[in-house]
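The following pair of complexes shares a single chain, chain A, combined with chain B in the former and chain C in the latter.
Here is the complex of A and B:
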């Protein structure tokens, strides 16, 4: 069997087991929606700030739902793999002709599945609640693709942590740290409106800000090549770096001769 | 698939961080079609040996050839020739038995038609056809173990590694599994390398047994030959009155050397079973009343005791304590 076939087999299993655990899907999808509902009402006064780029906090905030969903996806992918390591399932797979890269990519299937469901739900709910894309249908599609890629990237980070630690508990304990990245980004305000210097500096060096801003421009300000370029760049960097580091970790974790 | 090469190893060793030598230079020679029982307590090095022979763990010294391939240099070829059911049935609780077989067979590169045929055959063979579409989390321990073995057989391996396959199983499941392993070896010529901590399992199932203790093979041979090596049966006499114990010891001394036995009994190793009648006569002639008198054929535990100075059960506790001390040190 070629690598593509192996990836499909592993991904099929990952997606199947993910869909059979509603407890891993429902909170992941609904929690960001709850936060969207609360913040788009509770923080809408922020739109009165001079220089705020839109008069709808819902439009401004909806990319955060995609980011939160992606962070949850990282937990799903990581915990699943950590369980496989702990239970010996990884050894079972290691005894087949499966290639390491097939395991990494296939294992991300669950994260991509959840990311896709989330993206569909958030887009649907957002549009139903009144979100209007300045970039139209094409922009919505680009946002959809970026959101799934971000879920893939954070899923790869989850897999890296699982391979490094071999423990589901460790993956879950790292999860709040990843959420911290979201909080110190341009999640609640555009960077130019953040008045506290250290916070603005943190948001500026935080790649998550650029992922959010890429999605945000598609909704509120139209096509912006620089924002989109940076958003996709950091997303691909995250995917590439996490997968490369995961591949190295997998070699020591799956030390078959 | 009939095996023609078997397993060979010489000086095979695995040292872990901190200088712990889990396997300390063992030699193995397992013939094609043979069931080799690797007997030892927890922590003796059984699973580490299996991990090295199945290519999951590189040896730190020595060499091993499995199905004609060097485990260090030809890992993929070794994996292609072997099947393995490792210590705990590693199954995905959210998948069904059929889905496990489908995943395993597709990763082994079987065509769609072969996959369907092989899945149906194996489910039938291990008696899981009815439960094939149930999720694993609803399976009993025995069902999981049977599926585990079916998964190991998907690609028709010529050598099968079973790491403590019956640990935790009830008597009925254990017996069914022994039957299946026997059929594989005797009917299909599959070489079986089986680790166990159950004396009975090694005795019933294995053509030859290797006893491992603290990373070393301390005895090897057919169960019969090993028992014959220490050879002679023991007679255990429980006095009616414990005060008669010295007289019984004196009477039995004429029949053979004293040996370890039940704490309330006097035991001697006798030359042959016919001595039992003589012992009864001698005790009667001495006017000694006995509560119980028993003849024990030598067991593999006696072999273990003779070779290591401790019983298999006691050794398991010692190993566990040592491991605990290593962890806490």
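Here is the complex of A and C:
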């Protein structure tokens, strides 16, 4: 079997396993929607701040659903791989001609599947609730692609943590730290409206802010090459770095004796 | 026969030992309130400029009260996870056989939740004071604020224990935490009640947590409001959940016999 076949085989297993766990899919999809419903109303008053870029907090906040969904995807991918390590599945794979890269890309299948479902659901719900894209249908498609890529990136981070620790519990424990990246970003307000200096500085050096802002510009302000460039750049960097580090960790995990 | 309070103390001691020996059980519940506080107080402080935002104590104190109450409720809920875990490992079954007064078990879990939250409250208060939180209330006001939090902690542990005693599995965790999360966030979290609009204003008006929040914010700013309503609704909710937990205990006893 060539590498592409190996990737497809592992990806098929990953996707099937993900879909067999509704308890993992349903909360991952619905929880960001609940937060969207609550925060888009609870924080609606923020649109009265001078300089706020839109008069709809729903438009402003919808990218956060995609980010939260991507973070949950990282947990799913990490816990699934940790279970494979724990159950000895990875050791058995080491006895086969399976290539490491095929295993990594294939394992991400579940995260990409969840990311795709989430992106479709959030786009559908958002549009039904009144979100209007300044960039039109093309912008919605770009947002969809970016959202799936971000889910892929965080899925790769989840896999890296699983390979480093080999424990589902450890993956779950690191999860709040990943969420911290979302908390200290421009998630709730634009960076220029954040008053506390240290928080604005943290949000500025936090790549998650740029991923959010890339999606946000597509909804509220139109095509913005700089914002989109930075958003895609940090997303590809996250994917590349996480996969490279995972490949290095995998070599020691799958040491063939 | 061993008195209830001795059973409660022994169980609380055991639970505290388990937590100290397992940082993965203790650290996330400590990190989440800190992350929420940093994100809300740091990232959203510009909301104090919204026309009609008339809270005297500053935005840090405004958010501190919410995060304090949230941490109290969730420390209780997380103790429900421990109850469920004790059932999964068979320890709770042995407890039911060994304890002469089984209501002492609920008292023990509640005491343990209170001890766990006390650590969170100390850390959170220290961080808030370092962040220059304004405290306008006097000693009596602050006792009132922390007493409200203790009541919510008690309500949280009783609610979650009631679920855990019925389901007797950690798979009941979403059922323990999701309603609590929703109830907390369907209150005036980011801005005062009169600045909320639409359905969330209607829901917040009948949400008991709104009165706990309003009273707590009144205490910290030195202008107590809705005190009777807050304590009345807090005690009523705790009383209802006490009944819920005791009925759950009866069900667990029947299942064990």
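Definition applied: the second predicted complex is superposed on the first by the 256 of 257 C-alpha atoms of A that agree within 3 Å, B and C clash if a C-alpha of one lies under 4 Å from a C-alpha of the other, contacts with A are read in each partner's own complex, and residues count from 1 in each chain.
The working rule: a residue touches a chain if its C-beta (ideal position, glycine included) is under 8 Å from a C-beta of that chain, and two chains touch if they have at least 3 such contacts.
Given the structure is predicted, the values throughout are model-derived calculations rather than measurements.
Novice: Which partner chains sit in contact with A:92 here, chain B, chain C, both or neither? Use first/second/both/neither.
Specialist: A:92 contacts chain B only, not chain C.
Novice: Please indicate which partner A:199 is in contact with in the superposed arrangement: first for chain B, second for chain C, both, or neither.
Specialist: second
Novice: With both complexes overlaid on chain A, does A:225 touch chain B (first), chain C (second), both or neither?
Specialist: Neither partner.
Novice: Identify the partner contact of A:20: answer first if only chain B is touched, second if only chain C is, both if each is, neither if none is.
Specialist: In the superposition, A:20 contacts chain B only.
Novice: Is it chain B or chain C that touches the larger share of residues in chain A?
Specialist: More residues of chain A are touched by C.
Novice: With both complexes superposed on chain A, which partner does A:6 reach: first (chain B), second (chain C), both or neither?
Specialist: It touches chain B, and chain C stays clear.
Novice: In the overlaid three-chain picture, which partner chain does A:188 touch, first (chain B) or second (chain C), both, or neither?
Specialist: Only chain C is touched by A:188; chain B is not.
Novice: If you lay the two complexes on top of each other, which residues of chain A touch chain B in one and chain C in the other?
Specialist: Touching chain B and chain C on chain A: no residues.
Novice: Mind pulling up the chain A residues that touch chain B in the complex?
Specialist: Its residues touching chain B are 1, 5-6, 9-10, 12-13, 16-17, 20-21, 84, 87-89, 91-98, 255-257.
Novice: Would you pull the chain B residues touching chain A in the complex into a rising list?
Specialist: Residues in contact with chain A: 54-58, 71-73, 75-76, 78-80, 82-84, 86-88, 90-92, 94-95, 99, 103-104, 106-109, 135, 151.
Novice: Spell out the residues on chain C that touch chain A in their complex, using ranges where they run on.
Specialist: These residues of chain C touch chain A: 24, 27-28, 31-32, 35-36, 38-39, 41-47, 49-51, 53, 171, 174, 182, 185-186, 188-191, 195-200.
Novice: For the complex, which residues does chain A have touching chain C?
Specialist: Per the stated touch rule, the residues are 23, 27, 34-35, 38-39, 41-46, 48-50, 169-170, 172-173, 176-177, 179-180, 183-184, 187-189, 193-196, 198-199, 203.
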